[in-house]
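In the part that follows, the structures are each spelled out as structure tokens.
Here chain A shows up in two complexes: once beside chain B, once beside chain C.
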Partner chain A sequence: MDETANRDDMTLDQVLAIRRGAAGPVVNVDEPLVKLVVFVLNGEWFAFHGERVKEVLSDFPVYFLPGCPPGLEGVINVRGDIESVLSLRTVLRYPAADADSASRILLGQGAEIRSGLRVDSVEEVMDVPQSLIQAPPHTIPDHLRSLVLGIVAFQGHMVTILDMDRLLADYRVGAL
Partner chain B sequence: MNAPDDGARLAVVRFCAGGHEFALEARCVRAMRLNAEPRSCRIEDVLGLPAQPGAARRWLLLDLGGDADFCLDVAEPVALAQLPAEDVRLLPPLVVARTTLPALAAMVLDDAGHGVLLLDARRLFSPPPR
Partner chain C sequence: MALDIKRFVARFVEEARDHLRRIEEGLGQLAAGGADAEAVNAIFRSAHTVKGSSRMLKLVAITETAHKVEDVLGALRDGSLSASPDLCRLLQRGIDCMSAQVDQVAETGTPSDPDPDLLAALAQAMGGESDAPSSPPQPPPSPPPQPAATATEAQQAEVKLKSAETVRVQLSKLDELIKLMGEVVSSHARLRQRLVDLRGFERAGDSWGGKVQGFARDLRDDVFTQELLMDELHKKALIMRMLPLSIVFEPAARMIRDLGHSLGKDVQCVTQGSDIELDRQLIDRLSDPIVHLLRNGVDHGLEPQETRQAAGKPGHGTLRLTARQDGGFVVVEVADDGAGLPVAGIRDKAIKKGLLTAEQVAAMTETEIIDLIFLPGFSTSSIITDVSGRGVGMDVVKRVVVDELQGSIAVESRPGQGTTFLLRLPLSLAVMRVLLVEAGGQAFGFTAQYVAHLLDVPAERIITVAERKAVIIDNEFVPVVPLAELVGVPVTPSKRSGCLLVVIKVRNEKLALLVDQLLDEHDMVIKPLPEHLRGLALVSGMVMTGRNDLVSVLQASTLLDAARRQRGGGTSAPAESAGTVGIRVLVVDDSLNTREIEKDVLEAHGYQVTLAEDGIDGLAKARAGQFDAVLTDVEMPNMDGFSLTAALRKEEAYAHVPIIIITSREKEEDKRRGIQVGADAYIVKGDFDQSNLVDTLKSLLG
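What follows is the complex of A and B.
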């Protein structure tokens, strides 16, 4: 009998991984994975939990809505539904950027609110083991502290994971 | 049901303010005047928007449910229009929560990004003008 036959609790994925002689560290596939949508703002890397991002949109004409505070760019028509668009740069207190074709609008949902969020670019949608996510460091600026769920290393960058629920709820009440 | 019946239409009076297109329900507008009315208010002042210099003006006689007439001073072009009811959309929750435009109630936005902002005439003035 080979080594796989002696293990009672293995999954098919584990068996196949052994058969393929997968290189690199063994990942416990039973460990919870967290899906992240990774994006860039002002050269810094951020992410939202994947279940909070319904869609990534590009090239949507934004209708500027008068009477809205800074950060609320306007609205877009997504297949008949009118969605607001937040400039995440403005909301997170980064300088405004010139129009850039790489910018995308994440259609996010949290705290029973749906809204678009403009980011500079979308880099990756990935699954990371829960154990790789670290607690927020103490060096996070005060205005971001309540929004940060944790950080994770990815492609040589530290990715800051943001709380979509808190962000949208705080913006709704004017706390951002 | 969340969607209006097919073919249903909403009669509105469209006008401009601050470079944007707005509309009021036609049933709230009794008449349009070509000359300034004594008891009138500029729409830009009500909405907190800059007036467009040089724009021709019209005066909409509003029906606000009271005895006295009241006129809203708006910019051209002014037109009666029938909007397909199915095109009228609710405002997103963040806009509802953060807008400073009084009486903004709904909007129509086409795929090209052209919008018409629908105002609720009953909420334009608080308290109602006397």
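What follows is the complex of A and C.
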């Protein structure tokens, strides 16, 4: 009931987060928030931590790179720096699909390497309270288990939060 | 005379300041306990240099200070003193004193006398801890108490800004500037493209009348003006990052003299052309290969003194480190006047290490055997010494020079006279001339130094030899491979009537790549791939075209390897016909490609093939072993095919052995001459195909 007074102390992001989560449980705004970039891949919902995604790029032409490893679509030119583009579908073992207009490239930053990651579409960039993130269920496939940080409910979907750092590091050593 | 001295003094001041700065840095490391032997050595050498050059200019006061500092550093270096904090401070005082003296020289031309207490303290540091017999003449009265007054006074007088002839810029900032320049160059290429587009509009419809034309003209002028400015700016920015080769040469030469000393070899190291400037990027990575080559020269190249004298050579060995400019490249030569490379030793080693079989090696020419030293894991030193022979070496040298520095490396070895390594390097890696081509619907780039020819030939000139395609260029068979096939894109059927060939050359091996069209040729900024893709051997970097597209620049040496692998797979089924097994054929040709192709053809038919690279080599090999047939080219260095044939016919063992001349000389008189000197058959390369050669050989062998 004291909600309006409370809102004055909140940032816009926090207000929006509450709006979105309106269907869910009431949120304590003092809680630490986690920024997530939510995207869709093969009809399933995933997210990366926001600080691991430098940029979301659309309409970037991808150039062929001869002799490049599987899973690598090619390279893009981001203001003078050449960045690789991984097909996240291939890396996470989903069937390949043609990129359509909704498709985006997330520029992901791991501890050691940086690369673009092709996803089917980006749905939302949002802050969620830490407490809403649940431990990963036991039902997730083996090849994903080490990459999953947790899951969170969003707009009626279960969003799987992936570990960007681990994903890029594993890709680099050929573990994926 | 006074004028002359002044010039030297100015140079001395500059150099001394540089050395003092280095000593200071070194002392900082030393005080922090992070200095290794080499660091101590480095500051010792700097002090020594200052001492020497001050003495030459008779700046006695500086010489005296430097001498004392050097003594202490010398003791540190050989371990008779340890780097205590007190000692470091004392040394720092010595350096400060020298800095002040140098500043005085810069201003007035004469340095003031050093603080006697400081000298005494330095001398005492020597005597006090090491108990050296040569203790200072006057026993120092009291170490620390009074110097404070005089020293600070002198310092206060000297603390002021030094003249700013140079500005030190952090390398990373300079790198950023150059990267930005590259972007400007790229964006200009886009501008140029707009101009082309506009011209297209102009042609399409002139409804806009003269307006479009006028605009196009203005734009053209603007683009042109900007191009001039930009090129200038780019050059200037690059020059800021250029450094003289002396940065690499001088320490390397010094190190080599020390090394010779430690090995008991009297070594002289001569440098030349060290004022040539290269991009810092290259200089940084050039040091290791050069030091390695020099070390090899001292360790393997130079013979012991007695051996040298017995051979009538001067007792001391000479290593030559020279640089000269050659077009847009710099050629660095590392030469020794030692025994030359032990070809037999290399051959045996390659067999013993299992790198090659005895038959393979027997078929190789001398140059090819020498090239084996660049194989990973190859090292000819029979005993592992401290210096080299550790098996990491020449392959790394080659990798750095060829892959990282976009250069090439060659070896020349003369028995008894020495070995020379030639490194050919671009002046800068920032901008390179790049040829863009299209194959299989994709664009690809080549850096110009690997492109030997561009040819547009009618399809008939592509001939089939041993189930693969080749073309004859300058009297030499060059294999032809579609570029699309090598880089793994679908080969598109060509709409052209002729064949467009890009002939690439790495050292003495050539490969003709079939491409669909030539797109462009320009100076371009080569951008590195993301760090995790640097292992991609096929691509050395990327360039941006006028349309802002990224294009892979292909690594020529990798393409050659890929083509060779493809070939190896293709001819895996040998000895189809019986009756040829064990028949030994000697192939003499100065072209590597031709030799290889003829060898493939003959081996595919079960012949056993030995290769020789010219007439002299051929004659020597023919004499060393009995061959059942000899195939020779005509035009070769040292001894041509006619002379070889004539010489062989004089040998009893070869009086009746079939000799086939294979050449591109089609003239009747040449054929006549070939038969006159005693050849059994004369095959013109133009109508050369495998059945022709093999049939001729079969019929001659009966």
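Here, the second predicted complex is superposed on the first by the 150 of 176 C-alpha atoms of A that agree within 3 Å, B and C clash if a C-alpha of one lies under 4 Å from a C-alpha of the other, contacts with A are read in each partner's own complex, and residues count from 1 in each chain.
Operating definition for what follows: a contact is a pair of C-beta atoms (placed from the backbone, for glycine too) under 8 Å apart; a residue touches a chain by one contact, two chains touch by 3 or more.
Since the structure is predicted, the reported quantities are computational estimates derived from the model, not experimental observations.
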Ask   = Looking at the overlay on chain A, is there a clash between chain B and chain C, or do the two fit?
value = clash
Message = Looking at A:67, would you say it contacts chain B, chain C, both, or neither? Reply first, second, both or neither.
response = both
Request  = Tell me which partner A:86 touches in the superposition: chain B (first), chain C (second), both or neither.
outcome  = first
Partner chain in contact with A:124 - chain B first, chain C second, else both or neither = neither
Query = In the superposed arrangement, does A:173 touch chain B (first), chain C (second), both or neither?
reply = first
Query = For A:51, is the partner it touches chain B (first), chain C (second), both, or none of the two (neither)?
reply = neither
Ask   = Who contacts more of chain A, chain B or chain C?
value = B
Remark   = In chain A, both chain B and chain C touch residues 61, 63, 65-68, 72, 75-77, 80-84, 112-115, 172
Ask   = Within the complex, which stretch of chain B touches chain A?
value = 18, 20, 47-49, 89-95, 97-101, 104, 107, 109-115, 117
Remark   = Touching chain A in the complex, chain C uses residues 179, 182-183, 186, 442, 444, 487-489, 527-533, 536-539, 542, 544, 548-552, 554
Remark   = As the complex stands, chain A meets chain B at residues 61-63, 65-69, 72, 75-77, 80-84, 86, 112-115, 168, 171-174
Ask   = chain C touches which residues of chain A in the complex?
value = 61, 63-68, 72, 75-77, 80-84, 112-115, 172
